[in-house]
Structures are given as structure tokens and as C-alpha cells.
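One chain, chain A, appears in both complexes that follow, with chain B as partner in the first and chain C in the second.
Up next is the complex of A and B:
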């Protein structure tokens, strides 16, 4: 069992408020991702859970036991550091065996276990070498191996892929999922990368400015971001956020965007709660914008292509529509037909869009 | 005429600008050659002659006679033994004290900066001042040590009267003076250990003892070897402190090889013999240095493997 509860955790560094009341629960065996921009408090949160930071207030409860005053060594937690923190003067084998040495384990058993973990992570050939002579991926695997070798109840991972190249990141994402399935241990994974969060997390907690703003499944996070800040963080490229104004003249309320007029009936939300002139933000994923062909019934507007960014299978188009800059994603075959400076017609289903309040930035539900 | 003068001017300026580096180094090199290298070579030549600086006799070339004489001199071997004893105890104590001081100053505590400066002061004093200070400290009638012992036992204590006491006195002074140097080097090593390694070790539930040997020590090993090397060479040449505190006494119990060289050169005036002994000493230090470097390199090679 490893159930973790954070309750109003606050941490200051001098005058800087790193954590401003963090609350979340992680269930036994869950893969929980903390997603947030840099300096949002991800690392501090993990360090607080590990016991490396003293809390200013709030509680961390692990399997019903308050962790206050319980030293790092007794928390049964392992951690993979962003910098890996491998012991530079020890070989791979010694690094792996390190956490076992203090457990009064027989030398033979340690050797077997080290062998087992090394095989599982594919670093058997590096056992007699020192970390400095390993590649980035091997160092990464070693760091993970050292963390999981003593079968901790809870594994904390602090941006473990940030220092790796793109190809390795991709491989390691799958690797983490496999490890999680095989080991069944509870994992908390901090990352600034929305792709890692969405592809690996069972649930994702978004942390911004030292506060958790949303905890949801990846699908819900993508679909219904809690506010503008989350919307900017999730999705690649992130949601287009377009300012709009509510209008009520004659034939029912509508939302006026700089380049398009959308009647209420087409929208997902009712505009009834809003007075005429209320300013809202209309968010739509770049993937929901399509190139229009003739005779379309959906909402459509004219835009000028500013930049095309071919990415192999897809092409990202940077558009200028009225005063707004938008992004849309089209299949490569379609993207290849168009170039910068060209006028195109873009269609979308307004029902795919989301509305946010302008002042607070919060999603309208 | 004036054109030619200008041409010459131009040549000089060109010469200066093209050779700025060598020209800037020349004065320092000149002083070095005059004050160090020339005397060094001169005395090396002298060590093959029979020559006394206080006689008017012409120097006489005697091949290796001086060296043979010195290597067969039981006094020389006795002084070497004294020196070896002083060096081993002295350096060991400096390492221990320096190490403990470094561990103390590694942590932050109120007054650390002030205390650190006080601890570093001995190193910056001149040998003569430290020597004089300790001579008075050990002085039988009004010296602090004697007074303190008297307050307990009722009798005065003459530390420098026995060979062991005199050795202890000289060594204590040198340890007091040079432990801060070891501390500085060790402290540099301690500070260079990345903090996240300690955190990782904490998470890996390592005991303080293992943490020290597997994480901390590898970072200070190189600097520690350097400290041993420097301090051994210095202790090998120990002259000032011993000369001022005991003048090599009682008897010859604290007469280090450096003091013996001095006596041979300026009290017995066997100039060429002392030059030969000086060269034997230099040779010993060079051998010692290379031995250390050999071990350091071997270590480094093992590290890389």
C-alpha cells in the first residue's frame, strides 16, 4: 500500500513563496504526473514529499501516517533526480548496489538483484564502468535502476527526461510506462513537458505558481483545461485563444470574434448568463481547424498564412486572421499545397471550442 | 637624415610590438637567473671542489670526494633520522588537525567567518615571529606552559630540557602554524562535493560513515595528496622554527638536516661539503615528490579506467 495525501503544503524560500498550499491525493499504484512550467514548484513538491525540504505548514500523509518529523531515510521513498545524482566515483554495479548495502542484505543476494535490475534496464554491459563513461540514456537507466532496486513503495521522478535527446525521450516514455506496469509501484513524475504528461500520466496535476490548479485525466485536461494558463500549457501547439464579445441584437445572442460572428446555437455553452458586451475568450485547438472546401456548412473565415512549419506527417500553419495570430494543424499532404503569404479559408465546428472568462481566465462550464 | 631617423624609430617600435611578451618577462627572468639559478649552478660546481669560504686557499677539484665523505658521515644519517621522525609526526598531525578543522568550518555557524580568519592567521605570520612566540611560550620561568603546569603540580616545567619534549615543542609549533593550510585544501575539496549527491545518499539510506568514504572522500583525495606533498617537502626543509626554539638542542635531538647544513656551511665553514649535502637533500626531495606524483597519476589512471 502506498497512498499519499498532500494537504495545504506551503514552503517559502526567504521571501519567495515556492509552494502556496498544495493539495492532492495519489492512490496506491497510480502513475501521477505533476505538470508545470519551470519554477512552478514541481521539484520543491517532490523534495517535500521525499523529506528533503521542511514544510512551513500543511501535512504530508503517507498510508495514514503524518510524515512530519520522519527523516528521509525512513520514508520508504526513492527519487530519480533531474541531474541523475549518480555517484561519480563508483561503478554502475556499485551505484546499483548502493541502496542495498545498508539493508544488511547478503552479498550474493545483492549481486543477483543488481544483475536482475541491470538486465531489466539493459545496462549489463556497463556494470564495471563509471557513470562519466556512460551515455546519457545509460546514465538515465542507471539512475532509475538505483531508485527501484530496493523496491520502494513510492518512486519520485524529477524531470528525468529533460537532459536527454528527443529520440531517447521517446523511448524512455514507453519504458516508464512498462516499468510502472511491471513493478506496480506508485509513481509521481514531475515534468514541464505536456507530451510526457499526457502520454504517461494516469492523472495529471497541473501546478502553476506554487498551486495545483487542475487534477484530471490527460483526456479531460486536453478537452477542458481549467483556465487559460492550463490551456496554454497543454496541447502541441497549445490552444488558440481568441478574444470575443457577447452581442445581443435581434436574432438571439452571439459571440463576435475579430474575424467571425458565431451564433449561440452553434456554441457548446449557452450565452444566457452573459450580458451584452461581456468579453470572453474563445479557445479552439489547432487540430480542430480545417481547410475549407466549397459548399461547407460549418463556420469559416479567411486567413493569411504567415509561416508554414512542416513536421513530416503534419504541417503547422501560423495564420493571421483579422488582428489575431492563430495556429492550425493540417496533414502534410494538404500543407504542402500552400505557402506563406497565401490566403486560405479555414473552417471549424464552434462546438469544439471552449469559452473562458476574460478576467479570471477560468473555463465556462 | 631625418628620414633615416624615422626609419630607425619605426624599426624599434616594430621590434617592441613583435616581442612584447618576451620583453615583459625579461626583468623577472633576469632576477630569477641572478638570484636563484646562478647560485644553484655555482654551488653545484662548488660541491665538486675542496673549498672553504673563510680561507684564501684556491679551490681544488676533488671529484665526488665531498659526496663520499658526507654519505659516510654518521652525523648526517643521524640528522636524517631526526628529520624523518619530525616529518612523519608533523605531517600526520597537520593532516588530522587540518581535516578536523575543515569538517568544522564546512558547516555554517555564527561567527564562522571571524573564527576562520583567526585560524588562518598563523599561516600568514613569519617563521621568526612564530618561533619567538613559542620560545617564550615554553620558557621555564615565566612561559605560559611552565606556569600552567606549575599551577597544577607546583613545579616548573621545562619542556625543552628533554629530547622528547624539545621534539614535541618544535612539532607542536609547526602543526599550529601549518594545519590551517591543510584545512584550506580539504575545505576546498569538501565544498566541491555536489549537494545533490548527499541528498541521493540520504534517500538511499546510507550511513554517515559510508557516505563519507564513498562520496566525500573521493572528492578530497587528490587535494589531500597535494597537502601531504607540500607539507612533507616543507617539513623536510624545517629550519627556522627549530632553530629559533631549540637551536637543534638539547644536544642534537632536534637538529634537522636543514639545521645541520647550516652548521656545516656557516659554523664549521666547510662550504663545499655543505653544498654537496644541500644537493643530496635536494635530490631526496625530488625523489619524494616524484614518488607522490607517481601515485597520484596511478590513481588518476585507475579513476579513468
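Up next is the complex of A and C:
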């Protein structure tokens, strides 16, 4: 059992509060992703788990044991650093063997194990070379190899793909999933990239300003972000957030958006708890906006195309509707028919939208 | 990775210009080496002679020579002085490197409260001209009996080399990313092992550069050696100065021969370490 519990973990660097009470649990064998913008505390969280940072308060419990007094060397945790942190003066072979040598493993066994890991990661041809002469992808594989070679119970990965090019990132995402399946070890993966988080994580914890604000499955995270900040982080492009005001004139309550009036009956949530004049935020994914054809029954509004961003299979349209800037995603074939400056009509089902409170930014449920 | 340097890329004209400039800079050294092979008359000839019959008499004279016309050749003990120079410079640079590297690592990785102040204080010891402290040091050496001993002059040179060694080595340690050490910690290494197995190998070039600079500094030191070494612990610069004078005036050929011999060890060390040295001096100037 390699269950990990973080309970109210606080860490300061001088006057800066890096972690402001981190709580989460990771189950044995789970692939847990920590998603957050840069400087949110992802790296500090991982370093705290590894034992490289002293906690100011809170507990980290691993395998039922409080880690407080246990030095880094004895935690049985491995880590892949963002910079890879390879030993520059050692060859690939020596880099891989290093953790095993520290465990006083027999020389023969080390050789076998190094060979095995090198084959698994496809870096056998680099064994006698030093890190500086390896490509980015090879360095990355070496960093992973060095971390998994002693079969740790828990593997921490700190933005391991940030330093790689786009093609390699895609391959490595699949590689990580495969490794996780094959090795069955618990993994905690920190990333600022929502795509990595959604595609790899079994559960995703979103960290913002040193606090975990939401822990959910990727689907739930995308569907029902806890607040405005999470909504801005998840999805590509992220959710459109449109200011709205609750109106109660005659025929039942409704939500007034700058470019559209939406009756309560069309919305997912009831507007009953809100007084007239309450300001809310209406969030809708760019993928849920469609180009309108004639005779549609859904809500629709006029917008002007500001920029078109063709991406091959899809096109992202940047729209201006009233005073609002919105984004929508259309298939390439449709996008090709329209250009910047053109007026179009956009439809959507208001039921796909989500409401957030204006002040706290929290999702209305 | 460094871009491969193409040999001869600069072209003939630039190479020729550089050769001329290099020759001008190197000329004094060349002249000394030439003079070392000249007889006394050739050395003093006006206009200076470029073509002459080379002789080794000066080199022989370094180690044994006659002091009076017709007298017997006497051992000059210069072999001892060369040994002294090598022994004293080598030992003090080595000790300074050991202490300085440890100190620099501590200053870099385990900073104290007021770390910068301590670093500054260390540097202040090199701010005043050495001649200012020569009298107190001379008196200290007299009282403690260190005067004229190897231990004394080695201690003094070590103290001279330390600030420079600490500052230089600290900058090298500062350049290497701490994440590599963290990785070693996670991999199970003790702090001692991290220092020896992870950090030291990464600053090898820095150690080489620091050693060469320290060596040159100590090798050429004259003032303190003059006052604090005894007859048996005298270094070459002091001994060289004392050969000036005598019955036939300044023996330029002899001096040049001593200097030529004196150059060899430093040139040799620099040459052996030159690859490391280039890396050391340019360390951190480009992102790797």
C-alpha cells in the first residue's frame, strides 16, 4: 500500500506563502495530476512530498507513516525534475546505475537492471554517452529511467514534458500512460498544461495560489469547474466567461447577457435564489457555440469575427458580440467559409452553460 | 553543444595580423630565452645580436659557478631553491584549494545569516597592499619562530590564496544547478557523497583554473619570500635577485637562464590544464 495523504501542508519562503494548506489523498497505484498555473505551488508540493522542503505546518503521511522526521534519502520516493537534473559528469549508464549503487546493489544485478531499463525506454544506444550529447527526448527518458530503476513506491514528476517539443510531448504522454500501466506505481504528475492533465490523470487536483481548489476526474473538471479560475485553466480554448444580470420583468426571471436575453427555463440552473439585479457570470465552452443556419430554435446572437485561427482540423474564431470577446471552435470546413470582419450568427444551447457567482467566482450548483 | 571550431576559418590575412601581434607580446619572453643561450659578451653586445653561437654556460652557471676569477666552481644551491619554489607554491595552493573549496561550497549551499558580509570581509584581506602588513607579519613570525621555516611561508601563502580561492570556487558552485544535488538526495546520497561525487566533478574546470591562477600568484611572489624565508627555504625569485651584482656586474645571461628555467614549471602546468582552463575561465558565460 502506497497511499499518500497531505493534510494542511503550509510552506513559506520568507514572506511569500508558497503553500497555504494543501490537502489531498492519493490512492495506491493512482495516476494523480496536479494542474496549476506557473508559481501556483506545484513544484513546492512535490518537493515537500519528496522531503526536499521542510514544512511550516501540516502533515504528510505515506504508507501510514508520518514523514516529518524521515530524511529524503529514506523515503523511497523517486522524482523526475523539470530540468531533468541529470548528473552531467556521468554517462547514461552511470546515471541509471547511481540510485542502485546508493542502495548497495550487487554490481552484476545493477548491470542487468540498467540494461533492462535502457531497453524499455529505448536509450540503449546512449549508454556510454554523457547527458550533454543526448537529445531532449533521450535526456527525458534517461531522467525517467533513473527515477524508476529502483522501483519506488511513489514517483513524482515535475513538469517532465515542458522542455520538449510538441511532437515529442504527444508521444511521451502516451508513454507515461503505458509506464503507469506496466509499472503499477503511484504517480503524481505536476503540469501547467490542461491537455496533459485531462489526457493522463485519473484524478486531477487543481492548485491555484498555493491551495488545492478542486479535485475531480478530468471529465468532471471540464464539465463543472469549481470556480472562474479553474474554468480559465481547463479546456482549449478555455471557457467563455460572459457577465450577466438577473432580471425579473413580468414573464418570469431571466438572465440578461450583453448580447442576448436568456429566459430561466432555458438555463440549467434555477434563478430563484437570486434577486433582480444580481450579477452573475455565464460560462460556455467554445466547443458549445455553433454557427447558426436559418430556422433554428436555440438561443442565437449576432457577432463579428475578429480573427480566425485555422488549426488544421478545426478553426478557432475570435468573436466580438456587443462589448464581449468570445471564442468558438468550428470544423475547418466551416471555418474556411468565413473571414475576419464578417458578421455571423451564433447559436448555442444555454443548458450547456454554467453560472458562476460574480464576487467569489464560485460555480452555482 | 559548442560549435565546432573550424581551423583556419579566420583566413590567412587575419592569422598573419594575429601572429604579428602575438609576436610583439611574446618578444620580451623570447628575448630572455635567447639571452639565456648567449655568452656574456654576446648578451651585452650593442647593437643586440640576433645571430650568435648558442652556449649552455649560463645554464651550467645557474647551478655551479666561480665567484672569483680563477677560483673553484661552487654549488649555488639553485637546485634547492627550485625545489623550494615548487614545494612552497604547490603545497600552499593545494591547502588553499582544499580549505577554499570546502568553504566556498558551504558559502554557496548553506548560506549563513549575513553570508554576503562574510564574503566581503574575506575579500577585504586582499584590498590593502601587502607591504602594509609586512612589519606586523614579520614580527609575528619572529615571535612564533616561523621565520625561515617552510611551515611559515606555506601558511602565509595559503592565507594569501584563500580569499581568491573561496571567491572563485563559490562562483563556480553557484553556477551549477542545485536540482542535480536534490536529485542525488532523492536517489539516496548522503551530503558528504553529494559533495564529493556530484558537486566536485562538476567544478573540475573551476578547480583547475583556480589552481593555475593561485600558482602563478604564489610562484612569482617576491616581497614576503625575501623577508620570511631563510637560507635553506629561499625561493627562486629571492635567490635570483641575489645573483645581481658581483665582480663582473649584472650577469644578464645567467639571470635569463634562471628565468627560462623558472618559466618551465608554470608553462608546463598551464599547458597540462589548458583544456580545463579554457572551460573554467569561460564557465557560465553561455547557457548550456
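FYI, the second predicted complex is superposed on the first by the 365 of 365 C-alpha atoms of A that agree within 3 Å, B and C clash if a C-alpha of one lies under 4 Å from a C-alpha of the other, contacts with A are read in each partner's own complex, and residues count from 1 in each chain.
One rule holds in what follows: a contact is a pair of C-beta atoms (placed from the backbone, for glycine too) under 8 Å apart; a residue touches a chain by one contact, two chains touch by 3 or more.
All figures in this text were calculated on a predicted structure; none of them were measured in a lab.
*Asks:* Chain A superposed: clash or fit between chain B and chain C?
*Replies:* They clash.
*Asks:* Taking the superposition as given, does A:78 touch the first partner, chain B, the second, chain C, both, or neither?
*Replies:* both
*Asks:* Tell me the contact category for A:303 with respect to chain B and chain C: first, second, both or neither.
*Replies:* neither
*Asks:* After superposition on the shared chain, which partner residues are touched by A:89: those of chain B (first), chain C (second), both, or neither?
*Replies:* both
*Asks:* Applying the touch criterion given at the start, work out whether A:52 contacts chain B, chain C, both or neither, answering first, second, both or neither.
*Replies:* Touch partners of A:52: chain B and chain C.
*Asks:* Which chain A residues lie in the overlap of the chain B contact set and the chain C contact set?
*Replies:* In chain A, positions 50, 52, 72-73, 77-79, 81, 83, 85, 87-89, 98-99, 102-103, 146 sit in both the chain B and chain C interfaces.
*Asks:* If we count contacts the way the header does, which residues on chain B are in touch with chain A in the complex?
*Replies:* 194, 196-197, 199-207, 210, 214-215, 218, 303
*Asks:* Contact residues on chain A for chain B in the complex?
*Replies:* 50, 52, 72-73, 77-79, 81, 83, 85, 87-90, 94, 98-99, 101-103, 130, 146
*Asks:* In the complex formed with chain C, which residues of chain A make contact?
*Replies:* Residue positions touching the partner: 47, 50, 52, 72-74, 77-79, 81-83, 85-89, 98-99, 102-103, 132-133, 146.
*Asks:* Any idea which chain C residues touch chain A in the complex?
*Replies:* Chain C reaches chain A through residues 1, 177, 179-180, 182-190, 193, 198, 201-202, 204, 288.
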